[in-house]
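Letters A, B, C, D and E mark the chains in the order given here, with residues in each chain numbered from 1 onward.
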Amino acid sequence: MSLALLYGLAGIALVAMGLYAALAARHVLRRLLGLNVLGSGVFMMLVALASRTTGIATRPDPVPHAMVLTGIVVAVSATALGLALLRRMHAHDGSPRLPEDRDAGSP
Amino acid sequence: MPEWMTPALWIAAAAVLGTIALGLVRVERGPSNGDRMLAAQLLGTGAVAVLLLLARATDAPALLDVALVLALLACVAGAVFVRRIGVQPPERDEGRGPTRATEDGS
Amino acid sequence: MAAEVQVFDAVLVVLLLWLGWRALASADLFKAVVQFIVFGLLLSLAWVRLGAPDVALAEAAIGAGLAGALLLDTLARLGRSGAADEARPLGLTPARTGIALAALGLAALLVASALALPERWPGLAEPALQQLRASGVSNPVTATLLNYRAWDTLLEVGVLMLAVLGVWILEAEPALPRPAPDPMLGLLLRVLLPLTVIVAGYLLWVGAHAPGGAFQGAALLAAGGVLWHLARPLSLGPSPVVRAVVVLGFAVFLAVGVATAVLGGGLLTFPPEHAGAIILVIEAAAMLSIALIMVALFVGRERAPSDAGIPDSAADASAVPGAPNPGAAP
Amino acid sequence: MSGDDVRGALSLLLIAAGMLFFLAGSVGVLRLPDLLSRLHALTKADNLGLGLVVLGLMLQADDAFEVLRLLLVWLLVLFASSVACYLVARSALRAHGDAPTAAPEGPDEDTRDGR
Amino acid sequence: MTGSAALVTVLVVPLAGAVAALLAGRRGAVAAGLLTSALGVAAAFVLAGAVLAGGMQRVAVGGWAVPLGIELRADGLAAAMLLMTAVIGAGIAVYAWRYFGAAGHHDPHDLAAGPPGPAGKAAPASTQWLFWPVWLLAWGALNALYLSGDLFNLYVTLELLGLAAVALVALAGAGAAAAALRYLLLTLLGSMLYILGVELLYAAHQTMDLLQLRERLQPGLSVWLAAALMTTGLLVKTAIFPLHFWLPPAHGSAPAPVSAALSALVVKAGFYLLARLWLDLFGALPGAGVVPALLGALGACAVLWGGVQALRQTRLKAMIAYSTVAQLGYLMIALLLASGAGGAAAGAAGGAMHAGRDPGLPPTGGFVGKFALVEAAVRAGAWWAVAVVLAGSLLAAAFLFHALSRAFADAPADKTSAEVPAAPQLAALALALVAVALAAAGEPLRRLLTVGAAT
């Protein structure tokens, strides 16, 4: 079990968790957390992939590292916008859920 | 440095990770949100310690910069928590323990 | 970089997966957010173990700084009614089994494809390292970000700008009652802010030859800005000055691109002898812009209590939590 | 036992001591009954635990710049952690009204809460 | 002006316009927007000319060769899409100029284009002018997307486009926050699936350049999984039939120029990428024919379902949103036929159909598109496609005349129809004329599309 495979498999597990939460959760904050965990999983697969070159080149492949850095920036921007929209929706509609997820039980 | 130092440092790093696991139990159980926040504070210090040990174990001085960043930001989450939410007595009722806005004059 | 698996890695992976799940499934959203913040901390340790200190720096600066602050602030503004969620938020209901099966199926396929990867995987490490001399910097990740794939990074700064434009477009939010100025936060700010600025400048400078760079520096500065806003509230609406700084990084990057296209060899083609200096100029401008954008994302736009803006139709003032009652005896 | 070995042993001794305080801090946070006493335990892990680890690593540092950074990291954590703990403690005081009456919840009582 | 210079100009103009608009503030943003539109249209025409004359234009950004660097390529299809985006964009800019008002203090009720969504109150006038920098960044993202030859770069352009679209939808005020949030969540999920596919392809072949990937592509689990993930991700973003539910509310509540921008341009970008992937990249895989067939079937359902839903709508904008869903169905059918009977015919159909929302009656470009589509379907022997297209056209004609009849009928007493200022009418008329012009100009467009067509 090499380092890359261990963290690669961990990344895959995070992708599964994140995907499930992003689709199954009803509270929008939880869906945003799910998308972030899904993103972290994909990024972990990328960086684990990059670490496979240590045997050949003197250091891991820098291209996936640059991709992950760009991905982290995009993720934090989208999450910030999502949270602002969530606050707006909650202030206007009175519920932290999308209209189709709101039922009589919870707000 | 003697050759037995590196494995020793790895064991130390794993040990600190173990204390982080203990801290996570408090985050999971902590009845009030204040408990969870202080546990997060402890885990931040643990992460800094792990980074310093790894910097020496893998001979990567760059990790000191990561530890420096974490040290600088150790108080941001706590400050936001205190300023925006504040400690609330733990919920007595069953089931959900939602964050409760501090009632004025409590 | 010790490439073989240590006991440390096994413990770290277990903690990461357990925390990842709890951050999503904890009924109490505050607990979920705190677990997500700690997840970010451990994730930066994972990047360190995988030999990606640049990514670890960014994850640490974002996770411990802006992401945590944004989530906690949103929770506070959602108030009691907004932060409440069902007892088993991700419990397996008939409707969700389909999603669960899809996620597990995807995971199985991904595992199969990961196992099928060839033992020898060169990636683009060699070409990136060979061209390093002509890239103007000696840190291959910074070379990739600011030279080989500079076009990605330019658009990425555009993404950040769009996020803050989106926040500005939304109406001002109902203002939180202004807590009394806190002497302790003032002390925190006076000590940490200068240090944050120095370390951010250091990260910007060191990024050329060691892990660091504009984005990591900006995330650090942004955290300083968050502390500033907490101690002495800022207002970062679309005023001319704020807009100028927000657009600065993107404009400088684009201007350099156009200049190299018109004068030099082509779009974003840096002459090797000046590449280092050009990259530093771009990174400095980008750092300032990204830092201010991130602080503006946290500050958002609050309607001053006296502002006679368009009243919200759902004026559920009760939902807006009072911050700790001001003026209580310390 | 060459000079290096002595320095190595001393360094490891300090790091091990640091571990003990980390452990003490974590167990304290886990076992102590209420928020304020847990805060007390937390600070032990910060200043002494990390302090000893930093001291131990300083013995192994390659150059003065590394020693400086190690020291800076420790001082920063010390400062930030104490301020954060103060803020949380004050907020807890406000939430509990006046004197911090020890909340009647022992560690076992927590199991009810652990889902 | 050489081809590559035109390519760089097309890329830089909208982005520079966005910077100018943001710096200019409320007063100058409109001028910056209109000027940029003019320059952008000119640049797009020059680039189209260069592509027609000199074939595919290529620019290696930063001078770095693929796979380390990013290569921007303008082939026939890309040039046509850029041209179409620029022209429609200019129309939207003129329309928005009046809709958001020159000085930015726009009265949401002064235009008869239906109230801006259920909220009834748009975002406060103080931030309406932000439409211009956001729209110009969206246009810049579209241009960057059509020209990019690198899979990860396409991910960044998709994100830029997605966030811009969300910000545009949010312009309609707090009431649109839910629609914008639903769109954001789905487009982020789509992007994550897409980049997971890119990761698998990079793992398999160590490159992210489309042309290089096509040479190295060998069928295998990773490649098929990547194809499935990227296609699903793009289907979510393009609102193709089963995954379209976010489109009507997002468009329905958006201000008029925004919903025009969304349906005419933003959603098509996802479709363009699907076409690019399945025509250029994955099409080469053995047995890859099954996926376009599936997409074609989805397209057929979209045509019929969209048409029926459009008929049932009462509000004009909701009708337009569902007609967009239907129109995307035509494009999916075109994609299927393109993968079968040669890219050019269906490409022409796709390009022509973009231009207008018209049901394809004889005088308009839409008709040329539909005729080419039917012709391609007949040649490919796909009779079901012929039936679907004809049925779709009937439905489209029905709901359009349904709307037109309401316009000619005398307005009911309580509803006062506000007088529409000249400019938006002119913009709408101009776009309709463009659709008609396309009928005449079909031939050069068809030749343009054949330049650099992969098959």
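Quick notes on this one:
Convention: contacts are C-beta pairs under 8 Å (C-beta built on N, C-alpha and C of every residue); 3 or more make two chains touch, one makes a residue touch a chain.
For clarity, every value in this text was computed on a predicted model and none was experimentally measured.
Shared contacts of chain C and chain E, meaning chains that touch the two of them, come down to A.
Seen from the C-alpha centroid of chain D, the farthest chain centroid is that of E. Of the two chain pairs shown, B-D and A-E, the one joined by more C-beta contacts is B-D. Averaged C-alpha coordinates put the centre of chain B at 19 Å from the centre of chain C.
Look at where the CA atoms of chain D average out and do the same for chain E: the two points lie 56 Å apart.
Inter-chain centre distance (chain A to chain C, centres taken as mean C-alpha positions): 13 Å. Multi-chain contact residues of chain D (touching two or more other chains) are listed as 76, 80, 83, 87, 90-91, 94-95. Of all residues in chain C, those that touch two or more other chains are 1, 27, 29, 49, 75, 77, 83-86, 106, 110, 114, 117, 121-124, 128, 148-149, 152, 156, 159, 162-163, 166, 170-171, 182, 185, 188, 192, 195, 312, 324-325. Among the residues of chain B, those touching two or more other chains are numbered 20, 28, 37, 39, 44, 65, 68, 72, 74-75, 79, 81-82, 86, 97, 102, 106.
Applying the touch definition to all chain combinations yields A-C, A-E, B-C, B-D, C-D, C-E.
The touching residues of chain A, when paired with chain C in their complex, are 1-10, 12-21, 23-27, 29-30, 33-34, 36-37, 40, 43-45, 47-66, 68-70, 72-74, 76-81, 83-88, 90-94, 96, 105-107. The touching residues of chain B, counted against chain D in their complex, run 1-2, 4-5, 8-9, 12, 15-16, 19-20, 22-23, 25-26, 28-29, 31-32, 34-35, 37-39, 41-42, 44-46, 48-49, 52-53, 55-56, 61, 64-65, 67-68, 71-72, 74-75, 78-79, 81-82, 86-90, 97, 102, 106. Here chain C touches chain B in the complex through residues 1-2, 6-8, 11-12, 15, 18-19, 22, 26-31, 34-35, 37-38, 41-42, 44-45, 48-49, 53, 56-57, 60-61, 64-65, 68-69, 72-73, 75-77, 79-80, 83-87, 176, 179, 182, 185, 188, 192, 195-196, 199, 202-203, 206, 210-212, 216, 220, 223, 226-227, 230, 321-325, going by the rule given at the top.
By the touch criterion given at the top, residues 10-11, 13-14, 17-18, 20-21, 24, 27-28, 30, 33, 36-37, 39-40, 43-44, 47, 50-51, 54, 57-58, 60, 62-63, 65-66, 68-70, 72-77, 79-86, 95-106 of chain B touch chain C in their complex.
Residues 15, 18-19, 22-23, 28, 31-32, 35, 38-39, 42, 45-46, 49, 63-64, 67, 70-71, 74, 77-78, 81-82, 85-86, 88-89, 91-93, 98-99 of chain A are the ones touching chain E in the complex.
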